[in-house]
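Labels for the chains are A, B, C and D, by order of writing; each one numbers its residues from 1.
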Amino acid sequence: MAVLAPEVRSAAPRWLIRHETLLAAILVVALAILGLFNERFLTIDNLLNQGRLMTEVGLLALPMTFIIITGGIDLSVGSIVGLCAIMLGYSWKNLGFPLPLAIAFAIGVGGVAGFVNGLLITRVRVPPLIMTIATLALYRGLAEGISQARSVRNYPEWFFFTGQGEWLGVPVQLWILLVGIIVAGIALDRTTFGRTLYAIGNNETAARFSGLPVDRAKLVVYTLSGLAAGLSAWVLVSRVTTTRSDMGSGYELDVIAAVVLGGTSIFGGVGTIWGTVVGLVMIQLLKNGLALTGVKGDATIMVIGAVLIVSTLIASSLHGRREVAG
Amino acid sequence: MSAARNAPIREGGPAAPLLAVAGIEKSFPGVRALSGVSFEVAPGEVHALLGENGAGKSTLIKIISGVYQPDAGTIHVDGRPLRLDSPDDARRAGIATIYQELLLFRDLTVAENVFMGHAPRARGGRLDWKAMAAKTEALLATLEIADLAPSRVVGSLSVGNRQRVEILRALSQDARLLIMDEPTAALTEYDVTRLFDIVRRLKSRGVGIIYISHRMDEIFQLADRVTVLRDGAQVGTRRVVETSSAELVQMMVGRQIESLFPKVAAAVGAPVLEVRDLVRRPMTRSISLTVRAGEILGLAGLVGSGRSELAQTIFGVTPAESGRILVSGESVQIRSPGRARALGIAYVPEDRATQGLVRPMNVRENFSLASLARVARFGFIDPAAETRLAETGVTRFRVRTGSLDQVVGRLSGGNQQKIVLGKWLANRPKLLILDEPTRGIDVGAKAEIHRLMSELAAQGLAILMISSELPEVLGMSDRVLVMREGRLVAEFSRAAATAEAVGAAMMGSQGADAGRAA
Amino acid sequence: MSAIVVSRLRPGEGGALRLFASQEALLAFAIIGIAILVGFYNPRFLATRNLADIVLGNAYISVAAIGMSMVIVSGNIDISVGSLIGVLATISGSLAVAGVPIILVWLTPLVVGILVMMLQGAVIAYLRIPAIVVTLGMLSILKGGLISVTGGRWITDLPQSFHLADIELFGILPMPVLIMVAATILAALWMRYSASGRAIYATGGNAEAARLCGVSPQRTVVMVFALHGLFAGIAALLFATQLKVIQSTVPPNLELTVITAAVVGGVSILGGIGTVVGSTLAAVLIAEIASALVFINVSPYWIHAVQGALILVTVVADILRRRRRQVGG
Amino acid sequence: MKQSMKHRMVKTAALVILGVAMAGGSAVAADKWDGGDDLPTSPLACDAGPAAAAAAKPYDGGQTTGAPNKAGKPITLVDVPKLIGIGYFNATSKGMRDAAKEIGNVKVTTDGPTEAKIDEQIKFIDNYITRGVDGILFAANDPVAIAPVLKKALSKGIHVVGYDANSQPDARQWFVNQAQFNGIAKAMVDAMAKEAGEDKGFAIVTSTFTTPNQARWIAEMSTYAAKCHPKLKWLETVEAQEDNVLSFNQATTLINKYGDKLSGLFGMTSVATPASAEAVTKAGQCGKLAVVGLATPNAMKPYVNGGCVKSVVLWNPVDLGYAATHVIRAVVDGKLKPGATSVDAGKLGKLNVINGSEILLGSPFIFTKDNIKDFDF
């Protein structure tokens, strides 16, 4: 993460440093406390395992950070995961694609789904919120309709490597996520693309008047979001060995929670991958830690909801900007 | 300016004036907006406020309508001193303002817009639509407006009718002082005459009106008195019957021409930009012009005459619908600012805050914004290169900033403008389009920017300068084009470009034809 | 911004009123059209019984959509409504079983609904947290809370008096339909004839101008959410009293259906215009499609796809219609 | 003009989406009943009662590795059902608590996802493995998907016993089978034939076509009906998740769609059956339209007592949970080893082991007007 540290200074207002260090501090304290409650919590074994479970949401959180920085939002990610999972199984089982091709195809479908979001958002200027609520329903519907909610099973053994295998003692998908984080982090911090995203989020008109490719950048981030969803669908299917159309439903909550908790301003223009990662880890370990200390699943959902609201509150109060509600 | 001239001239008898402001002072960070402005409006008087952009007119009316609070000075209404802490206070005092951007609800009907916030109620507090419609009808009748049904949805109205709705709203609150900010800027000739008609009616009903306009002819048709502002100071107040267009222009422009950095003559070279029959409705109607290397082409005109729209069409923000653009002789398609930038065109927009700068970002990031490619390798920004770029900019344009990490939103207007300029020059353009390059910045910075402009021209840069400040246009331009209602109406050589001639052409009064002849 | 748009408009073109009308007319046509098409395929579809059941079984969605369209008109969104309805239904059910006087059984959910939504409205309006975040958070709080409190125990043997849905006026007009119609009409009148009703349009249309007219956008938003809560409460009652069992879980995807109804009902997502009559019609349309799918042997799994497509088509059409009123877009 | 073109572009795009959405769905028609799975079926003889255990199969369950010997010592169990918050699993978890109280040295808690989502269920089990329990009781949302995590549990020395919905055999030690699929199928179809009439038409309201148990039952019903009640006309199967309002609307639509052609409704879940009964009541078809289904008594009492529903088929889920708890205790105590033919399940007496590693609760139970009042779950 040290690699990404500088961006905190360069790309975002000062308060963010405070916000993220603050967050990291809270994280450490929370872990310590949860660790006291259950000695099995702070074990390499458990943490790696949590990393495994965190990957699907993590992959989505990276492009979501981009999107929210541009002042947009993507509520359809969960549904795209479902759609991609179905396309993977469907194209393999029903269309007889060889499995590697099916995987590529599924990821491709994700890209297209995201691209469609981006296209209508940039060309027709449909507000991202409404656009992605619509596709939240549409893509889930297509997943259910195409699969008729039939699940696909009996994948070959090698297919499970991504989701269940390990490499150098670390879950395979965690490596994927790690690469994703570094790439996204550098892209956001060091490249003209990342700079463009911040510019758009802070002042879209000025960005346009500076000759920055505003629409293209937006198109790219929504497409990336779709591709990530495809990737995450692959990992998910490989982990749970079965394809079902309800996969990924509700992910949008976890993803947005992680990003916002990580200090990315829902109003756009501010945020870092580093923050998102902290937020991500925080939520995952919070869930896990609570479960281990005997808090039931339903109560955990409540905690996450509360965390989402409160963190936004903190972020926007630390963050000077004042927007009209909604 | 002698005290005698500034002594308020009483209109009519001893009756206390409707409004009397005295010694108003107001400054913003970096800019002194108003210093010692005093004038009065009597019942039934139309009092014109005249001055170039940035002269302080808008600040003044914002103070009178309670949006800003003055640093010093008093406001009396009916002879009683008054504190206006909010637009609400002003409304209660019977002061209504009609801004250039009309504040209307596009999706609601005329009646609703007129009575928003103070609608007539029937029993049980429910809206009384009948009464509302009736009252609106009544108001319409008093102004003899026939073509405006209370049930029409505002979104479907012409600009002229929208403005009438605003006027109705003001009257519905029985405003006694009506402030109109450039009411004719966006109106067609027909709407203008109708507006005048309405203004006269109001006048006859004893409503006092503060009328802001650039258009000399309007002032002579409507106003009783005119107060001229320049650089936030009051140059003087005249009875219209006792003054002349020439005198007023003189007062507006004043001795400024001398105080300006004159453009040093530079070798005018080959055409850099040629525009042929460029059309982008509604504000760009078949424009043809040529800008040469080393030349500063001044584009004069009133606010809303279509100059910025033309610039933005050339720059690809609002691509042209028809017509040709040639850059250094080659015909090109410009569909986006990115393309324009690639072709070596730079555009310093009119509105720094929303178009020019990303204010939450710091100096370094803003400097590199338009030339990221130059400081990046394979899309990776080289921090060192970026810093170097910013540092050279800061020194070259003498930007006063604590550090490169300073958030630009906190800098003064002048420094902000220098950054916008620097950001574009970092890109080494062939053509520089400047839209109101010195609006709202202090005289010092103004001079620096002017010096810079002629320097650049001398280096062979082609400059298209849009400005509403005559002295600037006259002082800086090698040639002056005048735009009115989306068309080029006159061209002047530097020699032929006098304040009177250009001003006349801008305002479309008799002088215009002379201009066209030139 | 709006000023620029305004000044770009060409004089005297299609007014928003006509736009409302067309939107509602469109929906009416769609409803009738589908009825006829499916009627050809299977005449039983047109049986009054079936048409009545379609409306009856989905009245609660229409009612919820009324509040939702107000929220959207005010320039916000709420995705917690589904969970809230689940919670309120459970509350009233448990009260009924506990033998609380029926009036309280019916009033409590309304009150609770109003309070919860007001809270959200206040956070959105005064703390300036976007509606999407607040309601997304509330969604999971309510969902989790409901399960952890009830443990998902079903509520059975509800007293007969509890079953609003079984009450039929003049033996033919079932209560839910009556409530749906009444609520729609009242809401429509209120939005037209009350100052506060207009204030919603003002806030959604041009918050800045509203402020200058002495309308407080904040207060308006809170009020809108309070009303939304009220309608959610009513919807919850219709929902709860429909069957003899209350599942005391959150009805899946309900919020999506409600939002679809509101948006398709002609609420412009650009805020500022909208019609509750339209949203009620839209709710009926969606219900009709769901039932039609069974009649034409299409699996119900397509219903979400249809909903999504409906939103997209309406929204895109709405935007383009507005843009065509401007020169040069 | 530009946007008019855009307009067309987008309109068509949107319409295409809609079209795609509507098409294909009609490609659902099939000769065998919709909603059945493709696994082989074994219909029972038409007259005979539930079949005696099939030919004994060798033990095919999994084994724990390095499980501490806790014979007779207190153990903590966790029960992870498909989802929490439906009457049925509330009943099973009640049974477990009863058994735990009775046995004394067993502590059992129920926790699980709020929706029947497989990856959620996996996360829950995973967390409990880490947290450390002696035994896991599960009802699988997906037999294959749940296997890896269960195997992981076994490998960590945690005893795993399934109930209600099975997993791959080698992923758990034992599975308590509430009633054999063909037994349920026979009971349901016989009841329908009796109540609706041998040559009448009927439709099915199920949760989803892929819920393993429902799919199994429907498949078995299909073949059994073909064999023993060939004149019964299957009209359609509709899906209604586990959502009772949706079930109600779907059932109502079926009634309206088929009118007199429809003489019977099968409710395949404890949610669908009461909803279907309600639909029939609302339609005023009580007596004319038979409702047969799986359901829990409390939800059905109004209809059974009202005479609208004659018979509700179900095993007793309380007993199911009760048995499962006894089984896992027996495993821990080493009383139930591979190859055993029966296990002692407290007040339920001896339960038989069938096809390798399953324990049969008994033949399905049929609630009627006379006995339904004796049950409260």
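Following the convention adopted for this analysis, contacts are C-beta pairs under 8 Å (C-beta built on N, C-alpha and C of every residue); 3 or more make two chains touch, one makes a residue touch a chain.
Bear in mind that the values here come from a model prediction, so they are computed numbers and not experimental data.
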item	value
Between A-D and C-D, the pair with more C-beta contacts	C-D
Furthest chain, CA centroid comparison against chain D	B
Approximate Å spacing (C-alpha centroids) for the pair chain A, chain D	35
Separation of chain A from chain C, taking each centre as the mean of its C-alpha atoms, in whole Å	30
Separation of chain B from chain D, taking each centre as the mean of its C-alpha atoms, in whole Å	74
Interface hub residues of chain D, defined as touching at least two other chains	6, 10, 17, 20-21, 25, 28, 84, 114-115, 239
Residues within chain C bordering two or more other chains	143-144, 147, 299, 301-302, 305-306, 308-309, 312, 316, 320
Residues of chain B touching at least two other chains	none
Complete list of chain pairs which touch one another	A-B, A-C, A-D, B-C, C-D
Sites on chain A touched by chain D in the complex	38, 40-41, 43, 45-46, 49, 53, 120, 123-124, 138, 141-142, 145-146, 148-151, 153-154, 160, 164, 236, 239-242, 244, 246-247, 249, 288, 291-292, 294, 296-298, 301
Footprint of chain A on chain D - complex, ascending	6, 10, 17, 20-21, 24-25, 28, 84, 111-115, 117-120, 122-124, 126-128, 130-132, 142, 144-145, 147-148, 208-210, 239
In the complex with chain B, residue positions of chain A that touch it	9-10, 13, 190-193, 195-196, 198-199, 202-203, 205-213, 269-270, 321
Chain C to chain D touching residues, read off their complex	42, 44-45, 47, 49-50, 53, 57-58, 143-144, 147, 150-154, 156-157, 239, 242-245, 247-252, 290-291, 293-302, 305-306, 308-310, 312-313, 316-317, 320, 323-324, 329
Chain D residues touching chain C - in the complex, by the definition given at the top	2-4, 6-7, 10-11, 14-15, 17-18, 20-22, 25-26, 28-29, 84-87, 90, 114-115, 236, 238-241, 243-246, 248-250, 252-254, 256-259, 271, 274-275, 278, 282-283, 298-299, 301-303
